[in-house]
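A short worksheet on the structure shown next.
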Amino acid sequence: MVIYDNKEWIETIVNFYRSYIIRQIFRSTLLVGLITAVLSFIVMEVLQLQIKFHSNVFSLLGIVLSILLVFRTNTAYDRWWEGRKLWGGLVNNSRNMALMVHSLLEGQATEDRNFYAKHIANFAIAMKEHLRKGVKLEELHHLDPVEQKIYQSRQHIPNHIISQLYERTQQLQKNGTISGYDAIPLKTHLQAFTDILGACERIKKTPIPFSYSIYIKTFIMLYTVILPFGLLEEFGYYTILLVMFIFYAFIGVELMAEEIEDPFGLDCNDLPTGNIATTIKNNTYEILCLYAEVEKEDEKELYEKVF
Amino acid sequence: MVIYDNKEWIETIVNFYRSYIIRQIFRSTLLVGLITAVLSFIVMEVLQLQIKFHSNVFSLLGIVLSILLVFRTNTAYDRWWEGRKLWGGLVNNSRNMALMVHSLLEGQATEDRNFYAKHIANFAIAMKEHLRKGVKLEELHHLDPVEQKIYQSRQHIPNHIISQLYERTQQLQKNGTISGYDAIPLKTHLQAFTDILGACERIKKTPIPFSYSIYIKTFIMLYTVILPFGLLEEFGYYTILLVMFIFYAFIGVELMAEEIEDPFGLDCNDLPTGNIATTIKNNTYEILCLYAEVEKEDEKELYEKVF
Amino acid sequence: MVIYDNKEWIETIVNFYRSYIIRQIFRSTLLVGLITAVLSFIVMEVLQLQIKFHSNVFSLLGIVLSILLVFRTNTAYDRWWEGRKLWGGLVNNSRNMALMVHSLLEGQATEDRNFYAKHIANFAIAMKEHLRKGVKLEELHHLDPVEQKIYQSRQHIPNHIISQLYERTQQLQKNGTISGYDAIPLKTHLQAFTDILGACERIKKTPIPFSYSIYIKTFIMLYTVILPFGLLEEFGYYTILLVMFIFYAFIGVELMAEEIEDPFGLDCNDLPTGNIATTIKNNTYEILCLYAEVEKEDEKELYEKVF
Amino acid sequence: MVIYDNKEWIETIVNFYRSYIIRQIFRSTLLVGLITAVLSFIVMEVLQLQIKFHSNVFSLLGIVLSILLVFRTNTAYDRWWEGRKLWGGLVNNSRNMALMVHSLLEGQATEDRNFYAKHIANFAIAMKEHLRKGVKLEELHHLDPVEQKIYQSRQHIPNHIISQLYERTQQLQKNGTISGYDAIPLKTHLQAFTDILGACERIKKTPIPFSYSIYIKTFIMLYTVILPFGLLEEFGYYTILLVMFIFYAFIGVELMAEEIEDPFGLDCNDLPTGNIATTIKNNTYEILCLYAEVEKEDEKELYEKVF
Amino acid sequence: MVIYDNKEWIETIVNFYRSYIIRQIFRSTLLVGLITAVLSFIVMEVLQLQIKFHSNVFSLLGIVLSILLVFRTNTAYDRWWEGRKLWGGLVNNSRNMALMVHSLLEGQATEDRNFYAKHIANFAIAMKEHLRKGVKLEELHHLDPVEQKIYQSRQHIPNHIISQLYERTQQLQKNGTISGYDAIPLKTHLQAFTDILGACERIKKTPIPFSYSIYIKTFIMLYTVILPFGLLEEFGYYTILLVMFIFYAFIGVELMAEEIEDPFGLDCNDLPTGNIATTIKNNTYEILCLYAEVEKEDEKELYEKVF
């Protein structure tokens, strides 16, 4: 995720090349400009056609299209923002769980503290990769060889980690370390972990329905193909400029919506799930007073520092 | 549900025939084109009428219509997305319930584990069919002849399955296997099952109010009939093309909204409830360490793999 | 509530007369057409005025109006859908409560089972009527003469029924039939009953603010009166047709919004609260194994069967 | 709050004078009409200017403005509706709390019953005034001189009332009248009281950001000043009519949004918080069987009766 | 946050200079006016070009842009309003926590009361600064030298404060001052603190995706550059006025959205988090009967007094 100062217009615009999508928009706009130029030349100089399309109809279609694109943008943005909320919820739940465990366990129960810290941190890390291309076991912390083996045999690593946490909590409840009253909120947090995981999977795996995707793409393509005929007679070679601008307006909204629709990847607008996972790890170890494990966050230039 | 890579425009558009609705849109657009062609021929060649409709009025009506269609799309999409959330919630609840039961029951309590795994899985399968055309008992797993008989006598199978789960939980609480503290969240999950079921029934059984449905259909039809008269004089035979494009714009939004409004069927944009139910079954058995029952998911090409 | 197959356009449109509101829309549109015809005749033939209103201004006003009407529609639809959700929630809560009571009470506790079944069912029936014109005691089931008398003395019957359920639950908790753990979720359901009731009352009693109602009505009327002057010169007698179409577009949205704004009545788009109440009754008795009381639902043609 | 039958158009429109805001809209529209008339006279007769403003630009600006005004309306209406929901929640919570107390306390515990009834009712009354201009102690019921004195010394009366309820509940829990299980939901209701109070304070104290308020006001004023120049040449003295209509369209939306933004006052569209508070009082006393205190609600003509 | 009376138009508009953003809008609008004036002079007097751009295309682009800007405004406003809700929730939670502690602890437990009051108040103060530029320890109340040292060693002060509250609550539960029943809601409030904190951090750290920010800025700039060419021929030097007005319309929406997007700073439209924190402190001390600590709120002119 690119960080930027929203109020610095000039700087923001100059840095536009940092956004992959913006570059793509510019490239496809240039392509459309080129095609329109060739077309205009053929129609006006070679064929010398006299086409008279009233541009009112193009206005109507353009407005219809833009209303649809706002629908598209809203739904895509809602996913992105819901994804952000879910990861924010993961931070909150991890912190809360750590705070609770810290207040419930005596200071010397280092083994239990370590267990919770490690598994809470590993859950965030595993979930991050699970939502990309599958969990890489080498990214998880402190897996001993036995665990490594068990983890390898499981398909759904995040589920397995939650299961470990459930079992340990149940065990502590049974041996009386944690009372029944205190086990309830702990389990509520574990449940929240599952819920967040499931909701992220839902966002990742359910893009906008296929028909809408085709429909909008076809609409934009048709519109761009027909548009020059509606402008040529009146604007001559200025048509190229206008078509490019109008195409830029529509393609931009569609492409940006496509990018943020699946917010867990590594695109420049995607959520900084990697950083958030690191933060969760640090917070958890710090709260549980296991300071040795708190890593220095490496500030990456232009990338957001998450709490 | 068709899966696709949102960023591959060419491939997506070439595959358009996979979407039943898109094909329907193209077909009806062609039909409208044909009718307009005949009409244009009659008006211009046979009758040689001189109709002069200012197209501003058509712009106004078109914008009004498209604003309405976005309202239509929003409400339809909200149902679809709510349906997806509910099934996502079902996945979460099933997993959580399995995780809880797993941590509460000793490893040797195979009978109880089997009971929960079977009923949780069967609930998802029964619900899937219940939301289509009624539950087929042969799809449910491990029903012994006695159960088969009882199930046949019940009208509302999903309700009956939840009732079984309630009774077993209550029984385990009574004989002390599960403490009072632990029974509360278990029952909360059962309650969530009922809530999800009820909400899906609500979505299925309550389409957009009848009046809106007629109103929009009448509006589109009237508009398409009158539109050629507004364009003929100015555009001549190009009118056919323009009418087809405008009709495509409006009918597309309406038809797609109709398709996703009831998201539990087998249309190409409907939710993959079958796959989700299989996933729930696999997850549940895996979490409860009943690996023998975990089926290999058969990857269907172009159909989404759900977690 | 009219049921219909959303995908059968022809059939739907042919059945339009079933919707009271659609008929009303057609009627008022015809009236406006008539008035416009007379007006056009007078202006063009009798007075032979030359009015030249640029229709751009009418487009602007029309778009402003339609944006407002979408706001109107959204808020009205939100009420309707919230009402549907609330009644769906009532179904869920009733089922859940019945399932819980069923698992908590021994099979032979017929008196208690009957008590809960009767009061849960009666609550739904009383609420349905309470949201129309007041509860008719003869619709409630199994009221003995003593109860009849008490009920008659109460103003707010649904409240009284919940109060009965609270008292019985408290009593069962006191005599040990239900443990403290189990009483909590039961009471949560009773609380949900009150919340649903209160929310329905809120929807019924709070229409859109008075000013908005007047404002929109005045706007439509003024617009329709002035519109012909903007079209007459250009379109001649076609003006009648266009005015009717535009009027149809605006009045339709407003009238439909008015109809669904209070969704608990007996209009054709209102929610099938009667059917839902019957369903709740049947479900409750079936879950509590009091099969004798389960009535055959009488399928009404063209009316929705609710689960 | 004015009550009205939404389906009686004529009657509603004739009664428009009951809405203060509608009258204000008409008045300012007349004023604008007058100014435009003078302006038109000067430009056309005195200066005989020939201004040729293409009205397309005004359409664009008008549409931009109306889209913004819908944003304005949506946010204002959301506050109004959230306020209504909060007061509806207050009704539900009060009823539920009374129902619970009724089922928990023996019939003879008149002192405790009276305490709860009095404080629940007083909370609603105090909150109503707190959201207007501060609590008037004489409106609260049954304050004895000692209480009167304590109340006078407190800044935040509603907080103090909740505090009383907390203390009494804690006391009853300590002396065993109420079990630990039963105290939890009671305290949850008290917490809901605080939450509702805080949310109402938030709505009251946070209007739309200052910049938006200025921005929209300036936009409307500028637009109205420039508009006549765009219409004069084409429409002559009809300009006055058109400017008035367009101004009416914009100013109406803005003024109505301003009115409903703070919904707890005494404007004609504000929420009937006074009536709701009385209803809460009556309901609470009725549920707790303290019939002597149930007042006859005095029906105010044209004002909504709340449940 | 500037307070103002929404119904005083004249006064509001005259006070516009109080809004930094509005001033910025006016300044940039003037700049654009100047540039357009120079451009117009060059085109018309020096080059004497005859450019004929149909302004329909500009209308289309303008409408597309304004629809996008409403999307922009909606998302920015949602953040602002969510931020307000979160701080409102902080007020509610603090009050509730104080009310609970007050009812749970005996009057003489001054040390514990002081502990809760101090930490609840300090949490709000620390959070306010944490969302700006980091916590200033000197703003926190009653830190003794030992605490000061510990606080200095922590990175995340608000987390540390919650941790203190958790530990103390756990300790009181262990020594029997607070029962298990009563500890649950107390811990729920602590959890709510973490959740509110995390949600505010999310809002602060996740602006609208970078691509959208660039896209909109580029769109507005391109539009403003091309616009004069579309108007010059028709409007001559009036073009300057029109370009300024249209630019004002678009830039205003964008700049205001940028301002309220991060609502925790010190801009004139930002939330009055400082005042809210003071209020929380006063309320908490008052509820816990530690009147000596209740400070007189210093009314700042034109700044909102929060409850």
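We just call them A, B, C, D and E in the order they show up, numbering each chain from 1.
Keep in mind that, in the parts below, a residue touches a chain if its C-beta (ideal position, glycine included) is under 8 Å from a C-beta of that chain, and two chains touch if they have at least 3 such contacts.
Molecules present, by chain and UniProt name: A, B, C, D, E = Bestrophin family ion channel.
Here the structure is a predicted model, which means the values were calculated and not measured.
Q: How big is the rotation, 0 to 180°, that puts the C-alpha atoms of chain A on those of chain D, in steps of 5?
A: That pair's rotation angle lands at 145 degrees.
Q: Report the inter-centroid distance (CA atoms only) between chain A and chain C in whole Å.
A: One centre to the other, that is 39 Å.
Q: List the centre-to-centre spacing of chain B and chain C in whole Å, with centres computed as mean CA coordinates.
A: Taking the average C-alpha coordinate of chain B and of chain C, the gap between them is 24 Å.
Q: Among the residues of chain C, pick out those that touch two or more other chains and give their numbers.
A: Within chain C, residues 56, 59, 63, 67, 70, 180-181, 184 contact more than one other chain.
Q: So that we know how the chains sit together, what is the shape of their touch graph: line, ring, star, complete or other?
A: Looks like a ring, each chain touching just two neighbours.
Q: For a test of understanding, state which residues of chain E touch chain A in their complex under the given definition.
A: Listed in rising order, the residues are 52-54, 56-57, 59-61, 63-65, 67-68, 70-71, 75, 155-156, 159, 162-163, 166-167, 169-170, 180-181, 183-184, 187-188, 190-191, 194-195, 197-199, 201-202, 205-215, 217-219, 221-222, 226, 258, 261-262.
Q: With touch defined as at the start, can you tell me which chain B residues reach chain A in the complex?
A: For chain B paired with chain A, touching residues are 1-2, 4, 6-7, 9, 12-13, 15-16, 18-19, 21-22, 25, 55-56, 58-59, 62-63, 66-67, 70, 73-74, 77, 80-81, 84-85, 88-89, 91-92, 95-96, 99-100, 102-104, 179-181, 184-185, 231, 234-235, 238, 241-242, 245-246, 248-250, 252-253, 256, 259-260, 268-269, 271, 283, 286-287, 304-307.
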